[in-house]
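Shared chain: chain A. Partners: chain B in the first complex, chain C in the second.
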Partner chain A sequence: MLYSSLGYYALLLGFVSSLPIFFFSIKNFKDKQILDYKIITFSFIQLFLVFISFLGLIFSFIYSDFSNETVFNNSHTTKPLFYKIVGTWGNHEGSLLLWLLVLTLFIFIFLIKSRELLKKYRILTVLFQQIIIIGFFIFLIKSSNPFNYLFPVPKEGMGLNPILQDPALAIHPPILYLGYVGSSIIFSSVLAATTLNYISKTWAVHIKNWVLASWIFLTLGILLGSIWAYYELGWGGFWFWDPVENVSLMPWLALTTLLHCILVLEKRSSLSSWVIILSITTFTLSMCGTFLVRSGILNSVHTFANDPERGLYILTFLFILIFISLFIFFAFHKLEKDKSFSFSIISKETSLLINNWFMMYFLSVVLVGTIYPIFLDVLSSEQISVGPPFYHKLIAPFLIPFLIFMAIGPQLKWIKSEIIGKFYLVVIFIISMLISFLIIKKLNVNLLINTVLIGSALYLFLVNIRDFFSKKFKNTSQNLSHFGFSLLILSILFNNIFSSEIITNLKVGEKFDNNKFQIIFNDLKKFEEKNYISFKGYFSIKENDLEDKLQPELRIYNQPNIITSEADIKTTFFNDKFITMNTVKDEEYFNIRYQVKPFMLWIWVSVLLISAGGILSFFTRRIE
Partner chain B sequence: MKNKIIYSLTIISFIFLFVIFYKGLKKPNFYQPKSELKKNIPYFSSINFFEKEIINSEDIFNQNKFYLFNIWASWCVPCKDEHMFLVNLSKINNLEIIGLNYKDNYENAKKFIKELGNPYNKILVDKDGTIAIEWGAYGVPETFLIHQNQIIKRIIGPLNTKTMKDIESFLK
Partner chain C sequence: MYGQKVKLRFFFIVLIFLSLILSTYLVLKSLEENVVYFKSPSDVKELGELENKKIRIGGMVKKNSIDISSNEINFIITDFKNEINVTYSGVVPNLFSEGKGVVAEGFLKDRSFFKASKILAKHDENYMPPEVKEAIGEK
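Coming up: the complex of A and B.
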């Protein structure tokens, strides 16, 4: 009760503190030469108030204060403390408050970290950021207030969806949000810089840190979500091309492209239009993600909260932002005849530009796949669902040239590069195609596209390994990320080709035998935990004298009453053994699903390598 | 000139996008298999739970009333949870609740009803689960709201406050 009201009033005050920030910013814009210190002070006050508000919500959760509607809907007294805290952002209202917290935090960091830059630019960035912040304040207070009061006070809460009660998912949203919200700074800053015609080398150096930071968080956030889906949803996949996954992938694609464009802007003072449009796109797509997930316009396994009224608000807000940025882009951006931007066909610029276009293509495929069903539904009332085959067919072939250019690009120089001395590229290319051909041939998966695809991924892989040694650790960050990417594609491909699955019904004491291996159902035990009852199955997998013990679980949660199936996964260097069990209604039999998934570990490792490249780049720049 | 065309085209396409999203929002959107709605109920015959007589579906859903067809079993834990909603709904006059006892043990089912109350006007027995298949049921519990031999609403999983209100709104 106390914490809840404290949180509510802090939120209101935080909203009000936008006023002085606006006032002093506008006053200061024309006035003096230096930035008015009051702007920074009030930004800090706003951050502090939102933080207090967030703490208020956390404490309402910890003390199970069911007079708070959000707590009532998402918590329960028997829930472990960790999930009570985590439950704070596991729901719509709380997650938006977290958004707001990160928004105010980032603009404050921006103000501190941009001292050496143009005063007008800093003020304009603050103003644009405040527009976003105010939008979120109104949205929170008006239609998603996390501090709604319930009377009479319920005795018990509704509980948190059990599949959300998971450590990976506990940190997944905050990390993803850091990425999303980081893109808001890029957005505000690019609008400010465009208005002042300030898109320059200095600006690129400064904003690159923000791009890198958001990119790292977004990458890690997607990775965590994917790991969660892998072991919690129990389908054995790590990416389902589900709309909610797609909306996190789209800003990632835009942001990755932006990262490369910023490089060009920094080194060669060109591609400014790309940078502006991509910055706007990244943030718009992040917002669009919030809209699509929160409005319930899409059907998805992840749609946890939906409410059309909220959707309408986000939609309107999103389009206001889009129109503001379009206006600024068209009115202020001068399409300068890029005088410095002339380069030969064989140059870093060419390969970067080509891959930018490929990235845009991938982005459009995902975008179309995600929102086309909405279009069709509205225009013709026909409902379709776009599944993995669509994405695989449209993306896989184009990965081939993409991977090749990714391998060649970093080998070239800016402006103009010589072909002489690049003979090793051809040799490695032939070697990788040969290796790939031999692998595929041996497997009898006689598919041309597989050979070429694995070949090109292998090509990128080998070229990068060579670079690690030959370049003497110059530009290691880029090298590391590209290496990680090649490893990712290779692992995904091998994972797809080599995965196998057995589905069978067994009861205790029975075994399944298919000559290659045996699945033995040894025992079933019941455990009572704090907020669920668990049935644990004891299985052993015997394969050539090797025995693995696996214990999948069925959990019956008490609040809300949901049965979840917990997979048991045995991870080794080369493959994952993945087993789930499910009830077959009334009988003593259980449905057993056993999968062998090769190179699963490498998928996670490679994404970690990709982000490690980003982290490395972020910190080496600091030291320099 | 060229710039202006690009400008207006971008604006127009974004406005178009807005309209589509806006309309998309207004569309009702719950997971409801479309094919199952507004469909005539399947024809079947079954045994009456208490009287043990054979009974045809034509003789059950024949009045100008609303019927709630509820698939349940004593071994099904969520069924216990939704039972109080059924008991509440059974107080409504123009609604008849028909239970389908799915793959259950007679004694256990009887005990279940005795302990938690009997909201059903009739209980039918589906010993081998074939009737549930006829209805295209996903599992237990599952509930169908029927009017004039047509399924007008389908609830997969246990009833709750929200779905109960939905049902009541149909009855008004």
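Coming up: the complex of A and C.
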């Protein structure tokens, strides 16, 4: 009760504190030479108030204050303390409050970290960011208030969806949001810089840190979500082209392209139009992500109960932002007419540009696959879904040139590069195609496409390994990320080719045998835990002379009353053994799914490597 | 007549234009091949001719209709007007049970017999797939 009202009033005051920020910013824009310190003070006050409000919600959760509607809907007294706390952002209202907190935090950090930059630019960025912040304040207070009061006060809450009661999912939303919201600073700053015609090398150096930071968080956020889906949803894969996954992949694609364009802007002062458009796109896609996930428009595993009115609000807000940004782009942006824009066909710029276009192509494929069903539903009320083959078919062939350009690009110089001395690139190319041919030849899969795909991934892999050891090479972070990417593609391809799966129904004591290996259902035991009952199955998998013991679990949660399957996974260097079980209609038969997934570990490791490159780059700049 | 730069720029524009057309064509074509339509049991009854295309069928799992053996699960999907028999061998989601909403993906054998290759998981007790809600309609 106390914490809840504290949180509510702090939220209202935080909203009101936007007024002095606006007032002082506009006043300060014309008159003085230095930035008025009051802007920073009020930004801090706003951050502090939102933080208090967020704390208020956390404490309402900790003390299970069911007079708060959000707590009532998403918590329960028997829930472990850890999940009471993380449950704060496991729901719509709480997660939006978290968005707001990060928004105010980032603009404050921005103000502190941008001292050496143009005053007008800083003020304009604050103003644009405040527009977004106000939009979120209104949205929170009007249509998704986390502090709604319930009377009479319920004795017990509804509980948190058990599949969300998981450590990976506890930190997945905050990390992902840091990435999403980081793109809001890029957005505001790009608009400010465009208005003032301030898009320059100095600006690029400064904004690059923001791009890098958001990119790292977004990458890690997607990774965590993917790992969670792998073991908790029990689907036994790393990516399902589920609309909600796509919605986080799209800003990632835009942001990755933006990161590369910022590099060009920093080194060569060109591609400024790319930078502006991509910054706007990234933020729009991040907002779209929130909109699509929260509005219930998407039919996906993530769609829990939700409300169309909220979606409409976000959509309107989004259109206003897009309108403003396009207006600014066309009204203020002047194309650079200097010499730096021209470069030869064989140069770093060219290969970067080509891959930018490929990235835009991948982005459009994902976009079409995700929103086409929505359009069709609205236009003809025909309901469809777009399956993984759509994405595989459209993306896989274009990965080949993409990987090759990714390998060659970094080997070239800016502006104009000589072909002489690049003979090793051809040699490595031939070697990788040969190796890939020898591997694929023995297997029973489509020869041509697989050979070329694996060959080009291997090419990128080998070229990067060579770079690690070549002394004149300096860009270790880029090297690391590209190496990680090649490893990712290789692991995905091998994972795809070598995965095997067995689905069967077994009773306790029964055995599945297919000559290659046996699955034996030894025993079933019951355990009582704090907020669920667990049935543990004891399985042995015998393959040749090897025996693995696996114990998948079925959990029956008491509040809400939901059954979940907990997969048991045995991870080794080369493969994952993955087993899940499920009941059907309380019968003696259990539905068993056993999978062997090669190189799963390497998929996660390679994504970590990709982000490690980003982290390295972020900190090397700091030291310089 | 024109300078090297103009020619190059013209070449670039043509290239971009061509690749735009190509990619639009590719996207549309594979969209056509890979979309899965959603039908209710009543829609299936009204189908003119049976195509050998993957579809989704949604509705409720009929009470007392689940029959399980060591390699198959049989059940009936109903929208309270018409029903369809489903055979499935594979993983069932946690929330698959009688009287609950379900979406099955697979191929029609005839108008009342469906071979499913996937049963879709929905992970919320209170949540019903929008298609199912619509298929059941007034009920």
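Note that in this section the second predicted complex is superposed on the first by the 617 of 624 C-alpha atoms of A that agree within 3 Å, B and C clash if a C-alpha of one lies under 4 Å from a C-alpha of the other, contacts with A are read in each partner's own complex, and residues count from 1 in each chain.
Criterion: a residue touches a chain if its C-beta (ideal position, glycine included) is under 8 Å from a C-beta of that chain, and two chains touch if they have at least 3 such contacts.
Predicted, not measured: the structure shown is a model, and the values here were computed from it.
Enquirer: Could you classify chain B and chain C on chain A, in the superposed arrangement, as clash or fit?
Expert: Aligned through their shared chain, the two binders clash on chain A.
Enquirer: Go through the superposed model and pick first if A:Ile62 touches only chain B, second if only chain C, both, or neither.
Expert: The answer is neither, since A:Ile62 touches no partner chain.
Enquirer: Per the contact definition in the header, classify A:Ile163: touching chain B only (first), chain C only (second), both, or neither.
Expert: Once the two structures are laid over each other on A, A:Ile163 reaches chain C alone.
Enquirer: Between chain B (first) and chain C (second), which does A:Leu312 come into contact with in this model arrangement: first, second, both, or neither?
Expert: It touches chain B, and chain C stays clear.
Enquirer: Tell me which partner A:Glu382 touches in the superposition: chain B (first), chain C (second), both or neither.
Expert: Touch partner of A:Glu382: chain C, not chain B.
Enquirer: Determine, under the contact definition given at the top, whether A:Val365 touches first (chain B), second (chain C), both, or neither.
Expert: After superposition on chain A, A:Val365 lies in contact with chain C alone.
Enquirer: State whether A:Asn561 touches chain B only (first), chain C only (second), both chains, or neither.
Expert: both
Enquirer: Using the touch criterion from the header, give the chain among chain B and chain C with more contacted residues in chain A.
Expert: Larger number of chain A residues touched: C.
Enquirer: Touch test for A:Leu601: chain B only (first), chain C only (second), both, or neither?
Expert: neither
Enquirer: Answer with first, second, both or neither: which of chain B and chain C does A:Tyr589 touch in the superposed model?
Expert: Only chain C is touched by A:Tyr589; chain B is not.
Enquirer: Looking at 1-9, 19-27 or 55-63, which bit of chain C clashes with chain B?
Expert: After superposing on chain A, the clashing stretch of chain C is 55-63.
Enquirer: Could you list which residues of chain A make contact with chain B in one structure and with chain C in the other?
Expert: 296, 299, 383, 561, 585
Enquirer: Going by the contact rule at the top, pick out the chain A residues touching chain C in the complex.
Expert: For this pair, the touching residues of chain A are 161, 163, 233-235, 296, 299, 301, 303-305, 342, 357, 361, 364-365, 368-369, 372-373, 382-387, 389-390, 393-394, 503-506, 510, 560-565, 580, 582, 584-585, 587, 589, 591, 593.
Enquirer: Can you list the residues on chain B that touch chain A in the complex?
Expert: 3, 7, 10-11, 14, 18, 20-27, 29, 31, 34, 73, 75, 77-78, 81, 103-104, 129, 139-140, 158
Enquirer: Can you name the residues of chain C that touch chain A in the complex?
Expert: 5, 16, 19, 23, 26-27, 30-31, 33-38, 54, 56, 66, 68-73, 89-98, 121-127, 129-131, 134
Enquirer: Name, in rising order, each residue of chain A that touches chain B in their complex.
Expert: Residues 291, 295-297, 299, 306, 308, 311-312, 315, 319, 322-323, 326, 330, 374-375, 377-379, 383, 556, 561, 585-586 of chain A touch chain B in their complex.
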